[in-house]
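You will see two complexes here that share subunit A, one where it goes with subunit B and one where it goes with subunit C.
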Partner chain A sequence: MGAQAFFLAVFGLAAIGFGVAVFRTSSMVRSALALLFSQTAVGCMFLVMQTEFLGVLQIMMMATEMSIMAIFMVMFMMDPGGLGGMDMTHQKRFSIGAGVVAAGAAIAVALLADWGAVTAQAPDAAMQTRELGHELLGRSMLIFETAGVTILTAMIAATAVAIPVQNLASKDDKEVSQ
Partner chain B sequence: MTVAIVLLTLFGSAWLLAVIEGWTVTGRLRPAAPLISGLAHLGRESIVPRSPDRVFFEAAPVLLLVVAVLGAAVLPLAPDLVIADLGTGALFINAALAYVLVALIMAGWGPNGAYAMIGGWRFLGQLIAYSMLIVMPITAVAMRAESLVNTAIVGSQAALWNIVYQPLGFVLFYIAAMALAFRSPFDLPTAEGELAGGVDAEYTGVRLAVLRLARLTLVVTLASATTVFYLGGWHGPLLPPWAWSLIKTLAVAVSMLLAGGYLPRIREADLMRWCWTLGIPLALLNIVIVGLLILVVP
Partner chain C sequence: MTAVLIVALVTGAILFGIGVYGALSQTNLVMIMMGVELVLAGALVNLVAFWRFLHPESYSGQMFVLVVMTVMAVEMAVGFGVAIARFRARGSVEMEEAEDLKG
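Coming up: the complex of A and B.
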């Protein structure tokens, strides 16, 4: 238990540290990858807490998601390298207030909620995966399928919006799109 | 002890691959060449480009090597010769190899060079193309084994290897693995002669030596994954289990090197189009076929 608590704290602090680094840098790629490593540290916390499937899934998903986010941040920001001295923050007072309130609410939930008894022995990884599969394809199927179809619809809609309308495009646009 | 054996096998295989690669390029078989070349890199000046992102620049080659080794850590050489036989082993290897992308983006962005950066971002597009063709064939493999444990996956192939049971999955996985290892014809991030080395371009000296070792190790890890998922892992007559794993892994790795040598480099847009319009439907078909086989054949 001692070692488990120690590593949980180490990865927790790493997650917070990288989380802070996201806002301390002006480089978009550094910011995105700091967020990635923050999420990876959360995945490692899952592993320490013996929820192997969730941990590995978190570590896997975040690598691609945050990398793709990085290229979008580079594409859309005016100063992606952060070398132009542009101030990336705004609405500071409101942000600090909102951050303090949200952190307070999260801590209050953590301390006040009745989490029930701590499980003495976690089931082994293979059993957890099996039970998770039954949960996803049983009781929670409707929720996850709805979420999945919604995301797919959004993706198709976003792609459809992004494709230029060929008939109305001028000659120059056509050349660029080709 | 297991860790030492697996690491020795991994790096030994990487050395052998380097020897064979040199043989195919120069026509001379020189077993000491990779070691001499590696030592020479250590002696050379390791240049740091002007105003780099120093953290990314230094971390990228090491991260690439670490993820290749981590991926190999869950792949069994023999029933009891595996560093970590995780309950989610087949998923873990995806998680580890997803960081190949992160390492290449870091290697691309870090040196503050145009060719490197284009190479790094190119690999992001490459991942969008190949990633589904890594995950979906593994899904079909796990379906047959009814487990994500890699030793169980090898166990499920005792009677019939997956290359026979699901050949479509094997072909897709093999091609996607070559794209993941960014070997020719999928060497878009490095692209000699087009991007002047791409992500390799700004690396010299010891950093380049680590990067080259990492790339070879990645090929061995992926060849080992192909062996575990499709070629029956350690199963085979006469020889001890570890020997079969090693022979198959090396055969797959060498075949990847040789196959790439005879093919022209594919265009980024073509790779993505073929992967999404042809590869993914075929991968889905593979899952359906395997599902039917599992239900119909006892």
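Coming up: the complex of A and C.
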């Protein structure tokens, strides 16, 4: 349990450090990479907590997600390399206050609540995957299916929103003039 | 014994706080999405810790983690769709320039 707490703290500090770096660097590509490392550290925390399937899933998902994010950063940012030293923040004091209050409240709950007895032994990895499969295709099947349909809907909606809108009026004018 | 749980919960809480700061302070749409991702990462850490240390016999906790991961993916897909539409229309994804969206 001592080693588990140690590695949990190490990966936790890495996740927090890279999380802070996301908003500290002026290079947007570095921000995306810092977020990737932060999310990977979170995945490693899952592995330390013996949830192997979710840990690997988190690392794989975030690696692809953040790579796409880095590409979007280069595409959309006015200064993706951060060489101009632009300040891209607003309402800083309010945001810091809100962040500190949110984190403080959550830490207070974590420290003050009575969590009861902690289970020392986790089910082994094969057992976990098997039981999660049973959960997904049994009791939680409706939730699982809803999540799948939601992702499909989001993909279609995102594509529909991203397709350029044709100016039908000017197209009609062109046809008339021809 | 509860020290391990506390370490995980405090990490989740700090990630949540950093995410809230990022989502509120950034002016760029993609950076705001990064803040939201950190908020959800904090929630994920808490959910896994609750499952592992308090209720490892019930797999609803892991199911909940998968639902939050779905929310992360959906947020990214819709966010990038909106970013592309906004960039096409105005040539920028700066939220300071999106005051016309106010009701």
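Assume the second predicted complex is superposed on the first by the 157 of 178 C-alpha atoms of A that agree within 3 Å, B and C clash if a C-alpha of one lies under 4 Å from a C-alpha of the other, contacts with A are read in each partner's own complex, and residues count from 1 in each chain.
By our rule, a residue touches a chain if its C-beta (ideal position, glycine included) is under 8 Å from a C-beta of that chain, and two chains touch if they have at least 3 such contacts.
As the structure is a prediction and not an experimental result, all values here were calculated from the model.
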| item | value |
| --- | --- |
| Combined model on subunit A where subunit B meets subunit C, clash or fit | fit |
| Touching partner for A:V56 - first (subunit B), second (subunit C), both, neither | first |
| Which of subunit B and subunit C A:L142 touches, first, second, both or neither | neither |
| Of subunit B and subunit C, the chain that contacts the larger number of subunit A residues | C |
| Touched partner set for A:I68, first subunit B, second subunit C, both or neither | both |
| First, second, both or neither for A:A3, with subunit B first and subunit C second | neither |
| Partner chain(s) touched by A:L112 [first = subunit B, second = subunit C, both, neither] | neither |
| Subunit B versus subunit C as contact partner of A:V29, first or second or both or neither | first |
| First (subunit B), second (subunit C), both or neither touched by A:Q128 | both |
| Least Cα gap, in Å, left between subunit B and subunit C after the two complexes are fitted on chain A | 14 |
| Subunit A positions touched by subunit B in one structure and by subunit C in the second | 53, 57, 68, 128 |
| Subunit C - residues contacting subunit A, complex | 1-22, 24-31, 33-35, 37-38, 41-42, 44-45, 48-49, 51-56, 59-60, 62-63, 65-67, 69-70, 72-74, 76-78, 80-85, 87-88, 92-94, 96 |
| Residues of subunit A defined as touching subunit C within the complex | 1, 4-5, 8-9, 12, 15-16, 19-20, 22-23, 28, 31-32, 35, 38-39, 42, 45-46, 49-51, 53-54, 57-58, 61, 65, 68-69, 72-73, 75-78, 88-92, 94-96, 98-100, 102-104, 106-107, 110-111, 115-123, 128, 131-132, 134-136, 139-140, 143-144, 147, 150-151, 154-155, 157-162, 164 |
| Contacting residues of subunit A [partner subunit B, same complex] | 27, 29-30, 33, 36, 52-53, 56-57, 59-60, 63-64, 67-68, 70-71, 83, 124-126, 128-129 |
| Residues of subunit B that touch subunit A when the two form their complex | 51, 53, 55-56, 86-88, 91-92, 94-95, 98-99, 101-102, 105-106, 109, 121, 124, 127-128, 131, 147-149 |
